[in-house]
Amino acid sequence: MDTMSSQGGIRPNFLGDWPKIDSTAFVDPSAQILGNVHIGADVYVGPLTVIRADEPGPDGKVHPVIIEDGSYVQDGVIVHAREGTSVRIGSSTNLAHGVIIHGPCTIGQGCFLALRATVYNSILEEAVWVGIGAIIMRATVPSHTMIPAGTVIRSKYDVRYYRLTTAKEMEYQKDVFRASAALRDGYKKFFSARSK
Amino acid sequence: MDTMSSQGGIRPNFLGDWPKIDSTAFVDPSAQILGNVHIGADVYVGPLTVIRADEPGPDGKVHPVIIEDGSYVQDGVIVHAREGTSVRIGSSTNLAHGVIIHGPCTIGQGCFLALRATVYNSILEEAVWVGIGAIIMRATVPSHTMIPAGTVIRSKYDVRYYRLTTAKEMEYQKDVFRASAALRDGYKKFFSARSK
Amino acid sequence: MDTMSSQGGIRPNFLGDWPKIDSTAFVDPSAQILGNVHIGADVYVGPLTVIRADEPGPDGKVHPVIIEDGSYVQDGVIVHAREGTSVRIGSSTNLAHGVIIHGPCTIGQGCFLALRATVYNSILEEAVWVGIGAIIMRATVPSHTMIPAGTVIRSKYDVRYYRLTTAKEMEYQKDVFRASAALRDGYKKFFSARSK
């Protein structure tokens, strides 16, 4: 295993698909990025995360896990997809510490998933807020919905009567994004200076 | 720490017990396997997992953490045991991403623990299904029980009235197992080819 | 990234703040300790943890994450703080496997956070017990309170009517502390012997 580990956590899956990572993204050296993963511009990927695309479908190909421009993937996040399915994380979306996303999943742009939220086989439209520790399975959540901390959504029938996000919550989200952008830029500069 | 870290994540506990890993198992290079851990044939152990057996009992010995043949330990899983206790994961059992098992625990064969399930000081008999984010403490769960996502079982008195798994759920489980077996075989072949 | 990864997981944040770790503490080689983190005497930090202090406040400075003497940080724990805020974990406190603490937070001495508890923007006074998977947000929890497994506290109005910890629970906690101290001492001795 020496050959692999010397390349760090960015590595191919067993079919030989390598991650494609935009040069403006920052990936922490302890992150594990495996296989057909596409990471867009200005993305931040924190410590001890796993983003893994390696289960081929019936056609023998692995569908991609895509993290679009300007999204944040905080410490301990895990993103994976079932065979023949994909995950798309829209732009400017935040996956807080300990979030798990298991495909098939589509997360729209501007979503905010708080600490340890879990999403499986679901669609979140735009600017959805998922509270701490909430679980969402087999459902489509409309844009701007606020799912409170600890909520368990087991099917599409459970998505109802949730309120929209407030101006205060949007303000908080903006603060988190600004701070995360500063981290991304700071670490990129820091690592770049050290490697010279 | 150089000596240790150069050996990767498979390492002894402080009493000098080394993991015993069957040559047909696949262990991701970022997994941390410490101490008196026994990993059987055809087991898959994913990225950033911890399987740790290092707390000696009154007799000064560390009881084993055993992962039996053909089981799957997905990304971010943590398995540990209290002093003088052990964990046994039966054959053909799946621990999905982010599961925590804390011994003393016995998990029977053919169980399916979904994303982020937590089991502490409990017995799961055979083919038990534990839904996403469910918590099971100090209980014995009968064979073929289906514990829904987000359930909290705080003691043996909470284990009642749960339905059995359906044929559809068993079919899904079979799909996951087939996909995980393909990963295990694919990665074993891939790493073996690279190390030549 | 070669320069960084060769130094292991104990590393500066992008502003150049290095962790300060007491020589009597034990930090597992796979732990990621970043930035303005202070780790006191006799602390144990387990595998694949992240303790990270790197978001500067308006004054350009990163406030510290402090783990006081004799505390235990088990596998997979994540501790982080929002910009310009800090986290203080009091002495002789246990953060069990998979706990997340997100600052601003103050955790008093002698607290016991069980598996996968999540605390955000809160104060726990002394000897608080937080059960498995419980979530505490924006609240102050009085000393000796016992928050049961799976509880969701979304604001200060949810903290009421919880009972105090029992003598049996305190006894259990003492057992866990004794076992964790043995691990810390054992690993310190073990690594020190190997590095000679």
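When the chains are written out, they are named A, B and C in that same order, and each has its own residue count from 1.
Going forward, a residue touches a chain if its C-beta (ideal position, glycine included) is under 8 Å from a C-beta of that chain, and two chains touch if they have at least 3 such contacts.
Since this is a predicted model, take the numbers as computed values, not measurements.
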Rotational angle, Cα trace of subunit B fitted to subunit C, multiple of 5° = 120
Task = Determine whether subunit A and subunit B, two copies of the same sequence, contact each other through the same residue numbers or different ones, counting it as same when over half of the numbers at the interface appear on both sides.
result = different
Chain centre separation (subunit A, subunit B; CA means) in Å = 25
Note = Shared-interface residues of subunit C (touching two or more other chains) are 48, 76, 98, 116, 133
Note = Note: in the complex, subunit C contacts subunit A through residues 1-5, 9, 12-16, 32, 34, 48, 50, 52, 54-56, 76, 78, 80, 82-83, 98, 100, 102, 116, 118, 120, 133, 135, 137, 152, 154
Query = Once bound in the complex, which stretches of subunit C touch subunit B?
reply = 8, 28-30, 46-48, 74-76, 97-98, 114-116, 131-133, 148-150, 175-176, 179, 182-183, 186-187, 189-191, 194-195
